[in-house]
Structures are given as structure tokens and as C-alpha cells.
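Both of the next two complexes hold chain A, though its partner changes from chain B to chain C.
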Partner chain A sequence: MTTKTSLLKVILLGDGGVGKSSIMNRYVTNKFDAHLFHTIGVEFLNKDLEVDGHQVTLQIWDTAGQERFRSLRTPFYRGSDCCLLTFSVDDNQSFLNLGNWKKEFIYYADVKEPEKFPFVVLGNKLDVTERQVSTEEAQQWCKENGDYPYYETSAKDSTNVAIAFEEAVRRVLAMDERTDHLIPTDTVKLHRKPRSAATCCS
Partner chain B sequence: MAEETVQKVIYEHEGVFIHSSSDDDGIEQDLLVSGSLRIVDRDGEIIVEYRPLEDTVDPSNMLCAGKDSSSVMEWAQSPGDRSQQLLETQQSYETEWDMINAVSFKKRPCSNGEGSLNHTQERSRWAFTFSVCDLRSLTVKEEGWTFLLFKLKESSTSLPALHFHQGGSREFLDSLRKFALLSESPEDITCLLVSTPNKALSQSFENLLDDNNFGLVHKFRKDPYVTTLGSFSKVTNYIFDAFRGTEEQHQRPPEEVADLLGEVIPGLEINQQEEPGFEVITRIDLGTRPQVTRREPLSAEYWIKHQDAEGRMIRIPHLKQTIFKGGLCHAIRKEAWKFLLGYFPWNSTLEERKALQRNKTDEYFRMKLQWKSLSEEQEKRNSRLRDYRSLIEKDVNRTDRTNRFYEGIDNPSLVLLHDILMTYCMYDFDLGYVQGMSDLLSPILFVMENEVDAFWCFVSFMDQMHQNFEEPMQGVKTQLIQLSTLLRLLDLAFWNYLESQDSGYLYFCFRWLLIRFKRELSFQDVLRLWEVMWTGLPCQNFHLLICCAILDSEKQKIMEENYGFNEILKHINELSMKLDVEEILQKAEGICLQVRGCKDLPAPVSNILGFPTEVFISDLTESGPKSGPGPGPRPQQLQDACSSVQEHLRESSSHNGCKVAFIS
Partner chain C sequence: VSVMAEQSRRCSYFFLYDASKVTGESDPTRDGICYFYPEETPIDKQELLCGQLAGVGRCVSELSSSPVRFLRLHRNKYAIRMKDDFFWALGCSAEVPTISVCELLDQLINIFCFYNGSVRQSYQMNTRETLAARWARYLSNLQSASSELHHIFSSLKTIDSTNVDPLLLLKAALILQACQRCPLVLAGCVLFRGRVLSTQMSPQLTMKVMVHESETYTKSQRPNGPSSSSSLSAVSSTTVFLTLSELQYLQSPPVDKLSRSHSTPQKDAPPKKTRLSRTLSDMASTESDSSDPGPSQRISFSPWLSDSDNSSFSLAPPQIIADPQSPPPQSPVPPLSNGKNSREAEEALKDSFYQSFHSNGDGDGFIHNNGDSSVFEGNSHFSGGEGDGGTACGNVFDLQGAESHDDEAMVGDGGVGCGRAQGRHKAQQRDLAPCSGAFEYPGESPLVPMTLYLHRVKGLVLALLVEPHFLSDTASMEEVYHSSLASLNGLEAHLRTISSGAPGTPGPYIFAHFDCIQSTLTTNLSGGPGGALEHPFVRATSLLHLHFCNTETLQEAIIRSAGAAVYGTRSVAQETYFQQQGGSLRNSGIPNHQDSAFLLPSKARHRLLKHGVNLL
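Right, the complex of A and B next:
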């Protein structure tokens, strides 16, 4: 529990075509390929980075967004340390679906404390001019849903992509520290009538 | 248990607690028992021991859950237990708690003198010990600290949970891993199955088969920490080493250790000793794999020579065989594919085909008009069509865009791709558009260079592939099961390795199967592979043997490098565009001939590949005779074949029970 792990699993979720694979590829290979195939099945890439002095290997999972493939992607949710809920600022429907993605994730990832789970919200395709979702709307949603950090990204011109992943890592590390800190408190709570081993055995 | 024997302490940790409530007397009293936990090697037997602190152990009072002493132990489970309620108030949202809740436990001999137990008795009754080989599973729970629940094979009840308030659980598990393979249960992420790889797979299959709202591979995945941090590979290494050791001691006949597909993996041996408690797996001797050669593609001249005066194709079996062996040269594809896909009947005359095309053209444009003529207003009220359209638009922009045929922004081919897919939604509105379909259409349109012909050829191809895209994804699931069955029976060593890495259900082949290797091969190679497969030769489900052929080429690397779940997935994903189609086809045909030549082929294999199955091997599948002897199953009999495979798997899952096959 208290042992720090350097491997963090993050998963990109969001409607088909919002740019999950593009974001992942931009971040890991620093390339944008407009001719990328849509994703079939599940893929992941690793990326090493350092955040606030912590050496971290990010394992970034990317899945297909279409409803039909749900049963094939959800098994991979388990064990995620962070979930990047992604929509595209030029696609209002993808924004409206954020709540469903969050629900699907919590349900299948079997998150113990959904209120505390670190989600990060990405509004991708910042570079396009025809926006359908305003920054304010998106920020509002994030605020109401658990005060999630919100980043407007562009996989195409690379805006905010690295920053968003680093924030994700920070959130996870912060979670870990908090849990570590809580251990003694919890222990006491559980034993309403705490007895030390010595008392018991005398 | 207290007698002096040669023993080595492998792990020892104090400050391990049992939470209990001594509710025997009705007085609700939480009891916290502190003690020490040890793993000891006692004359080669690995024992886990828990002793309460200050335990003046009365050996007769110690619980021994040895192989044949399960009767000694009797834990009484009381669901209404206090400690459980206590925990529940902490964890009320946590359903898993129902399963793992701390149980109060009593040892039968102690059930006398309720409420009058003195402290020594009270404490010593918590002591327990068991042999690691009797351990079925371990459940690891975190609640600020870690606690473990043990489940023994011979007993349906649990030992008391051990709470590691002072750390040490990780070390405990690590120590245990030196002696047992701990693999995560497909049912429960927190549950580690001890040395029972086969069981885990059969459960996976049950998940596959009894798929309901949770979906296919629910709970299939591997804990990334376990896999990626390498503890798993450490275990496998350990086992490999162990078997290398055994190998030196017992030299087994070469055919026993030889890989079923004819390739021996250096340094890997299978434990096939018929030890009690080890599953004995039937092995079939497939003999050597015949060398096959590929031939030249069928030329246009050759094709034309096989038409009679009125344009009927003649010597069709020969023609198909030639296509199977070498494919088609590109010039003739446009024509030949229409036959291969069934758009044109082989025995039709040129005139008949012209008439057919006229009718089909009308029919196509009628359907196309249906979506073309929808007003924006109408479409606003048709959310399904709108969703299909939006998906199609997105995917058309992401299908084979580096191919010259689909290159650039205003490429008219993109419009055709889009229109055909939209029209297909009208043709089959129930299915509509599902991702992956654009991949299937793209090569066909590329070859046809004609909207109507491409559409109808696509319709024919979709007839074959339809199940892959239907809602519960049954097509792919069935194929994964079939593939796993084939692999298990044809290449047990590799299958077992995959299984030990929780990959026995072959999830990583999903993309191969969904879109028939479209993303795995170069565009030109896809054309070749597909035309070969469309001949229907040399056996039913040949594409599954293609999977076997690819896996056969990769297994050495996968096993030598000790790939875990994630790495296998990554490795397979990254094969994309690195495969050689002729090599694969050659190998797959070789496997087919090899298997066909085998006399005692298990019925499931024959069923899947459509070989005649006069002889049923009843000990492999009791359901064998149900699917009936007779001619090899044709498509309509496929369902039978599948269900017999499924029953076979169920069968073996129930047989496996506690038996362990330690392999690879």
C-alpha cells in the first residue's frame, strides 16, 4: 500500500473521433498523423517522465470509442490510476457524453471511491475554429462533477498535451500521498475499542 | 506440528492480526489477536503458519489443514458476525465485502465451554497452519492496511483474515511467489489463484459464453502492477527454472516434450508427469508438418481459358485451387472477386451477369436515394441514421488514407466509400454502420473501382462477416473460443504459456478476427490474403489456422522474452505491417495438411475445421456424439460445432477442479 509504484496507468476515454489516439501519439511520439486509422481493439504506449522529482512510467491506454465495442474495452479499465475524459470542442455530442464515459469508467473500473478518483477532462481540437463547446461550459461541467482539472488541448499543434498528462500524474501522486497519510487515522477508526496487542495478551 | 524437523524460515513477520468478535457468549466483543506469520520450508514442504503471540501452543489444538486432514478443520461461518457489521459500516458501498467478509471461526474441538475459555485457549485457537500446495486462493484487500484471506482447496470455508497492521503483506506475497504461481482471478481482481492456471482459463471462457450485461472479457485483464512490474515474470522464470531442473532428472521421451506444432522451444519443457493432482492432458501426435510451396498468381489468360463460349466459368474446383495456391494477378481481380464473393454465380452466362448487374444497379440506387433524399429536418428526427452518418464520416477520413486511391482531401474515392457505407445502412438498417466495416470495404472498392459492384461485393463479404459486428459481438467471441480450442489442442505448450499470462482467451487476436487481418498486412497483401480465403480452401475456418500460423512464428519470442499480459498484447499489436503474407499462407496450409493427416484428431478440431468426424474421441468431449458423425459440418452445422466446443470447454473446466497443470 505504502510502497510507491513508478508505473501509472492512465486511460483515455471519449467518443470516437475526439482525438484520443492522436493525443496519445502526440504525447508519446510527438507526432500528429492526420491519416491515423480509427482504433480497433485496445492499444497502449508507455512514456517515462519526471514530475516533481518523481520518476514515473505512464502507461497510456487507448480504446475504440464506439458503443458496440464496449464489452471489449471495459475489461481494460481496471487498475487505472487516472482517467482522461476526452471530448472535442467542435463536437457538442462528445461533450454531452462525458457523463456517460465517467459512469462507464467508474462502473467497470470498479473504483472504490468515485468521488476521490482522479479524472482529468480534455477538450481537444482547440485549433479548429468552429467550436461547439465553450470553455465556460466545459469548466462548469468539470466544477460540478468533482472539480476536475480541465485542459483544452490540440493534438495537432501540441497545445497543452504534455501539461495535461503531467497534471494527471500529479493528481495520482497527490492521491497516493493522501492515502498514505490517512492510514493511522483509519486504523484507529476501525477498532472502536482499540486494544493493543499487549493488552490482549496479558 | 511442534515436533523438531529440519525447517528453514523463509518469511517471518510479527504484528499480523486477526479481527474477531467472540460472540460465542452473546457478548459483543471485538477481539484483536496479534500474532506472527511465517512461511517455512519443512523438508521441502512449504508451510504457512500463523501463531498468536505468547501462544503456548498446544500442538493438538493447532489446526492442520494438510492434504488429507481437511476433516480436522472446521470453520464456522457466521454471516451476521459482528466484525462484519463493523466493517460494513465502513464499507457499505462495497459489494465485494459480502464475499470476503471476515468470518468468525471456531474450531470444533473448542466449541465446548462457551464463554469460559481461558486466555490461552482463547488465543491458541487462532493458530493455524497449512501447506502452500493446499492453498487454492488468496484475497488481498486494502483498508488503509492490507489484509489477506486464504481459501484452501479441500475446504469450502475460509481461514480467518490476516490483517497486516504493521506491514509485511507484500513481502509475504513475494515469498509465496517463490513457491507458487499467483495469478489474478478473472472473477475478482483482488483474488489471487494459487497455481491453478487452467482453472482461470475455463472461467474466462465461461465469462465469454455467459456474457450478459457485463460484456465479453469482463474481468479478463491483468492487474498492470502485477504484470508490468515484473513480479509475474519472476514467477514464470522461477517455474521455468524449476522445470529445467526436473528435465535433467527425468529424461522424457522426445515426442512427449516436442511441441505439437513440431517446434521445440529451447529451454522450455512441459511437465507431463502423471503425478496425482496434476491434470493429464491428452496430447496428440500430429506428425511432421508437410512442406508446402506457394505458386504464381493466376493470370488473366488462364482465367479467360476457363470460360465457355457463353461466359460460364468451367473447371471451377481447379480454378479455386489455383487461386488458393497463388492468388490472382491484379488485372483479373475486378472480375474474379465478383465470383469469389458470390456476387456472380460461377455458372452464370455473360448475358445473365449483365442482366444481374442492371438489376443490382437499380436496387443500389433505390437504396441510395433513400438516405440521399432525406431532408435535414427528417434527419434531425432520425437519431440512428444521424449517428451512423457521423461515425461513417469520421471513419472514412481515417481509412487507408496513405493509399493513393484514398489520398488527399477531396479524393472522390472518399465520397464513394462514404456513400456505399451509408447505403449499406439502408440495406441492413439493424446493423447499420459499425467501426471496422470501412476497413472491409476499402480494398473491395479499390479493386472494383465502381460504386455498385463494390457495394454488392461488400454485401457478400459482409454476409460472411456479419456476426462479427452484431451487438453481443458473438462472431468474434465464437472465433476466439474456436481459436483457443485449436491452439490448446495443437500447441499446448504455447497455449499454456499464454494461459499462465492470463492471455489464454487470445484477446490480442481481436483485431485480426474482426477485420480479417486488414490492419496487420500491407494493402497489397490484404488483397492476396482475402482472395485466397474466399476460395473456401483448404478447410473451413482457414483464417483461424492463419492465426495459428502467425502465433506459431511469434511464440518463441513471446515465451523466451517472458512476455506478460500487457507485453503480449503490445507485441501482437506491433506485428502490424511486419508480416509476410506468403509466409503466413504457406505455414497455415502446412498446419492444415498436418492436422488433416492426423488420425486421432480431437472432435472439436475436426468440427472447427470442417473435417469429417467419423471417429469421436469420447473422452475428450462427452458431447461429441451429439453433434453427430457424418459429413464435415457445413456452415449451418457450425452452430453445433461451436456448442460442442463450448461444452467441451465447460467439461474440461469442471474436470480441472483443483487439479493443477504446471506448464511452461
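Right, the complex of A and C next:
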């Protein structure tokens, strides 16, 4: 079963300008463009990787952070396996909005058990010198909201970007294994991807 | 019903005849027939038609000493084109507006030249069978899929913008702009399921590009659906040939293009392709226009260019000096002299244009009538002169050398200098004197090889015209590929969900609105082979369109039968047709002031506002 490649959909959410597109581009194409335009609606890229012996294709969905693009982005939350809540360490407001982003995601993705859904929190723009959000504050928020893993990243200099995505994959895989054990075999989760379904049947 | 069936197959005959193959008395006519449609036509009949039309064509041309453009024979109309020994004829039923027949033939020849280069050379390098298959493909492509209304106006197939969030049109436009950050990319368009979403090119050029797109789409559909692999295999390319004027238009900066549509062209704008940086001011400007898929995409702000003439003038020198290909400046005030050169060059270009324009016998009146002097948009048709025109052309290209690395080749071609005018008004003008010829000939101007690059994501295609060496420039290829891939993926996902929307119900009225500048059609007709209700509207529209084309002063008209009345109105930039459905027409046979047909203009004005059509 481990040889089968599964498709995992992860989605980047967060305020406009925190660097969601840059994180995705850095991870997939290893490029950084300081002059990226606002994302309109959604965009995505695929990346194949291996985590702990599992071959996965990560489908990374990048979304528009601005409020006016809300109606364009929300239809694409469904079917996500993991949500990367992103803020910028030099923008306190983007940090304060994390809760709203989480709410919006749970509502539109129609998550059945929100407390179990794998979120990962990213504090981007680690390279800037004037921080507005301390590491401790961010860690505190993650702890209080569901014990989410927290990574401080820099899409500009590539710090922690790959590690964060790999952690996201691990969380999803761990979730799958847990549900495989817990859920009786006669239920089929329709939005789950091939790998888990195959494990179900074995 | 049989009339409809015949009309949906627009063209009843098409052939290309090469007179150079039939020189001696004993040479059979069939030797000269390069391609004949329908192919199943008996060879005797082919020979009869080719012989007669070619004979009449040559005879009339010699008598009138101007090429024949149009012939009528029995119940068919034939658009005629002649070049060297080649003779093209395309026949349609007499119902089709004359201008549509001529446009169809021009389109067909232009498409052939776009993908194959010069006709003579193509026939030297390929077998007749190979090229026959291509003519057949282009012809079937032109006749397929679009509605009768699209045929009448020869309009582009565009996405139904009522179903699409304007922000997605903006997204498409931004993808194109991002690609243009690579200097080897001239311009492009984004297509979805064979329809235009956004284009940076003229309607004529966009139409040509779409032919290839629809061919690759058909191919990709054949083997078990589109492949889902995200590799570079989604990318393809082919060689294409641009006319000199098309190339000049693409290489001129956006602001320059913009200024051409005003009555006072900005003469001092340096002929350099602007690199578009994506900034908030771009966003604001584009977004405000984004409900309108057309010119807003071409209009891009470049702060230093939009300044006054003086400041752009003073900014020009650094570019010229930085140009590695231009000789080091000799004069003590190099920037000025250089700048002046370019200005003089443009001046000369325009002068020579005016000369040739007047020598063609058209008065000033035409320019004024059209207001926006679209004649400039066509990039000066200079009369094959080795004099001023040729020199000027060389100069202009020299300055563009910084951007286009192929300048040597182009300077060479530039000397010949026979630009082909673009734009819709050309077509109208042609129709004013349909048989005058001389002004525009398909496939006449020198052709410059370029590359058409296609990146497909399922039903969505990014098509770019690029310099030929783009394909060997791995860094540029990757830059363009990676800068657009995520956005294309996303755009495709958006469009896939939207386009499933059911076509709107017909409602109490039918309308068709044709934008002559962008060559786009907006209508609430279903588009498929029309129902009984739609047919009178389509026929009336066809007839009114013909009248508008033939009578330049005609602005409004109502055409009616016992059961229906259709109102048509036009301006320089648009034509609109409107029919109120249902409700019996109060029609006594003699026009009176209570006749409900006279209410059509005001009804059209009110009803069409919500479709974004402003007739006020």
C-alpha cells in the first residue's frame, strides 16, 4: 500500500500580503518574486514528495487574502486535507485574523469534526527585522486553539518552508491512520483519497 | 429549414487555382486546381467553375485595370482574390451579406499564410495533397461551431461574460501581462473551450491563433480524454508567420497603441516595448474596466510613458544608450538627435501613409467620419515606396532593436514596406468600394516567422506569440511556464465550475450587439442552430448589417414582416439589433403613429442597458 501515491490537498489561508503565493512558489519552484500581484481567486500547483516512506502528491492551493475575493475562493475549500493558516510576523493584524480564517475555513469546507482537523500555522516573513508578533504569542495561540504545529518561515530565504509542508503531510497521514483504526470498515468517507480507501479495504 | 441547413454550411464552393500550371493551349484546367471544395465535386464541374470564374475574373480585371473582388453567378456570390498566378474564389448563397463572403475568404487565406507562410513557397515545398488537407481543415474550422450570427459579423467567439466574474477576466489579463515580463514574448491570448477570455492581439490575429488551438484541442480529446499530467507535455509550439504590420503593432508599446485610437497620436512615445510591472495602480486601472473584456487589457499604465511628451522624451535616452546593438552616439547631444530621428521616422511614416491613402482616392472625409482614426491602428499602409517609407521603416526598426533580436531580418523586410491595415474599419471601408481592390490584399505583405507557444490546462489555453529563439532559451521558457502555471490551474478550476451554468432563457426580446473594434458579439440567442422564432431575427440582422455596411450614412433602420419587426442601430464602434418577442404587432399595413414597431428604439434602449449595451 505504501507504494501507491495519494493526492493530498492542502490550502493556504491568511490575510492578503502575508506571502501565501510566495510560500507556494518557493516550495514548488524554488523561486521568489518580490513583485507578485494579488492572487485573484485561487491558484494551485502540484508537488510530488516522499514523507516517511509514503509517496504523496501534494496539491497546494493558494488563495486570495483580500476580502473582496471571498466569493471566488470559498468554493474551493471543500475537500482540503490540511489547512495552513498563514500570517506575517511583521503584521499583527494578520495574526489577530487567524481565528477568522479558521472559522471561514471550517464553515465553507464543511468540516465535520473541526477539533480534529489538521491545521498548521505559519508565521511568514521571518527575514524582516521589525517583528510585530513574537514567537511566544504565536505559539500560545496555537496551543490554545487546538495544539497546532507552528513554523516560522521565510519564503524569501527559504527558511522552514519545506519542513512546514512535510509536517502538514505527516499530520494528514497520521489523521488517516487514526481514522482507519477508529472508523468501522463499513463506512466509506467519500472525500478521502485513494490511499486511505485502499487501506480500508485491506 | 433547408435554408437554415444550407446557411450553417456557409461556404458552398471554394477553390484555389494556379494559372501558372495552365499556360499552353493543351494544358487541362485541372492541372491548375490546387484545391477544390467540396472535394466530392466531379472534376468536370470543378474545371467548369474554375475556368469560368478565373476567365471572367481576368477579363474584368484587365478591362477595368483593377482586380476583381466579387462576382455573382446564378444564386451564388463569389468573393474573388487574385495574387500573381493564384486565383481564389469562395462562393456562398446569395443570402449571405457580401461583406461576410469577402471576409470569409480573406480569413481563410490569412489563416493559410499565418501557418504556412507564402502560398507560392508552400506549394513549392509541399505536395498538393498535404496542402489540400490544410485548406480543408481551415475551412471547416471557420465554418464550425459558431452561430449564424457569428458568421454574419465574422466575429470572434468569446466567452459569455455574463456568466463569468469580471475578476476572472482580470486574472486572465494579468496572466498575459506576467508572461510579457519575458521580453521574448510579444503578446498572447487566453482561451477557454475554444472561446476568447482575454486577448492582447487584434481580433484578426486572435482568430488565426484560435485555429491552431481548436486543432490541438480536438487532438487532445481523442486519446482517452485530456491527460492529467502536470509536466511540460502540456506545452506545444508551432511556427507561424506574421505580416509586417501585425508585427509592428505587437512590438509597439501599449501606450502607443492606445494613442493610435485617439485623433492625435503621441508622436514622441519611444518605440520601445514596455515591461509591465504589476503594481496597485495597474490593478486599479484595469479593474475598473474589467467588466469590459476588450481594450482594458491592452491599456496598461506605464507611468513614465503616460507623462507628458517632454518627460517621456527626456527618459528615452537611457534606453537608446543601453541598447547594445545601436552604435555609440556620435553627436554632442546624442539623446536629442536620437530621439528626433525616431520622431522624424514616424513622421515620415505617416506622411507616406497619407500619400498612399489619398492616392487611393479616398477623401479626408473618411478619416473624420470614423473619428478615432483607426487608420493609424493599421500601421500605415505605405505604397511600396523605396523612398521615404522604406527609410523610415528601417529607422523605426533600428530603434526597436533593443527588444527584438531579429531586427536584421526585419529591416530587410522593412524596405519593401507594404503594411496590411488592421481593424474593423478597414473592412467597412473595403465594403464601400468592394471592387476597388488595391488597398488590402491577403497574403501580400512580407511575412516574418514567429513562434506560437501554447500551454494547455484541460480546456484552458494560454497562447503566446514569441520570438523564434524563445524555444531554445530554456531560462525564458521556464520563467514563462512557472509564472503562469499556478494561475492557469486556478483559472481553469474557476471556469470549470462557472461554465456549467445553463444558457439563459430567451426572454421577451432578442438582441445582438456587435462591437466592431473588438470584433465581439453579445447576444441572448442560444447560439445553436436557431429555432423558428430566431430565424427571422437572424435574417433581418443579416440584411440590416449589409445595409449598414453599404450605406455609411445609415444609422438606424427597422425591418419588418407581417409578424415581426427588427430594429437596428449603429455607430462607428458598434451595431445593435433588437426584436421584441410576443405581443401581436399592430400593423395595418400602412405605417401609422400607433404602429408598435416605432416603440422598438426606446424599448431597445431600456432593455439592453442591463446587458451593458448603451444606446443612449
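As a working rule, the second predicted complex is superposed on the first by the 178 of 202 C-alpha atoms of A that agree within 3 Å, B and C clash if a C-alpha of one lies under 4 Å from a C-alpha of the other, contacts with A are read in each partner's own complex, and residues count from 1 in each chain.
As a working rule, a residue touches a chain if its C-beta (ideal position, glycine included) is under 8 Å from a C-beta of that chain, and two chains touch if they have at least 3 such contacts.
As the structure is a prediction and not an experimental result, all values here were calculated from the model.
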Touching partner for A:Asn25 - first (chain B), second (chain C), both, neither: second
First, second, both or neither for A:Gly17, with chain B first and chain C second: first
Contacts of A:Phe76 with chain B and chain C, given as first, second, both or neither: both
Superposition-derived comparison: chain B or chain C, residues of chain A touched: B
Chain B and chain C footprints on chain A, overlapping residues: 35-38, 40-44, 69, 71-72, 75-76
Chain A residues touching chain B - in the complex, by the definition given at the top: 1-3, 5, 7, 9, 16-17, 34-38, 40-44, 59, 64, 66, 68-72, 74-76, 78-79, 93, 108, 110, 112, 179, 182-183, 185-187, 189-195, 197, 200-201
Chain A partner contacts - residues on chain C that touch it in the complex: 165, 167-168, 170-171, 174, 178, 230, 277-278, 282-283, 482-483, 485-487, 489-491, 493-494, 497
Chain B residues touching chain A - in the complex, by the definition given at the top: 15, 17, 29-34, 52-54, 86-87, 90, 94, 119, 123, 142-146, 165, 167, 170, 189, 211, 214-221, 223-225, 228-229, 390-391, 394-395, 398-399, 401-402, 434-436, 438-439, 469, 471-473, 476, 507, 510-511, 514-515, 519, 566, 569-570, 573
List of chain A residues in touch with chain C within their complex: 21, 24-25, 28-29, 31, 33, 35-46, 62, 69, 71-72, 75-76
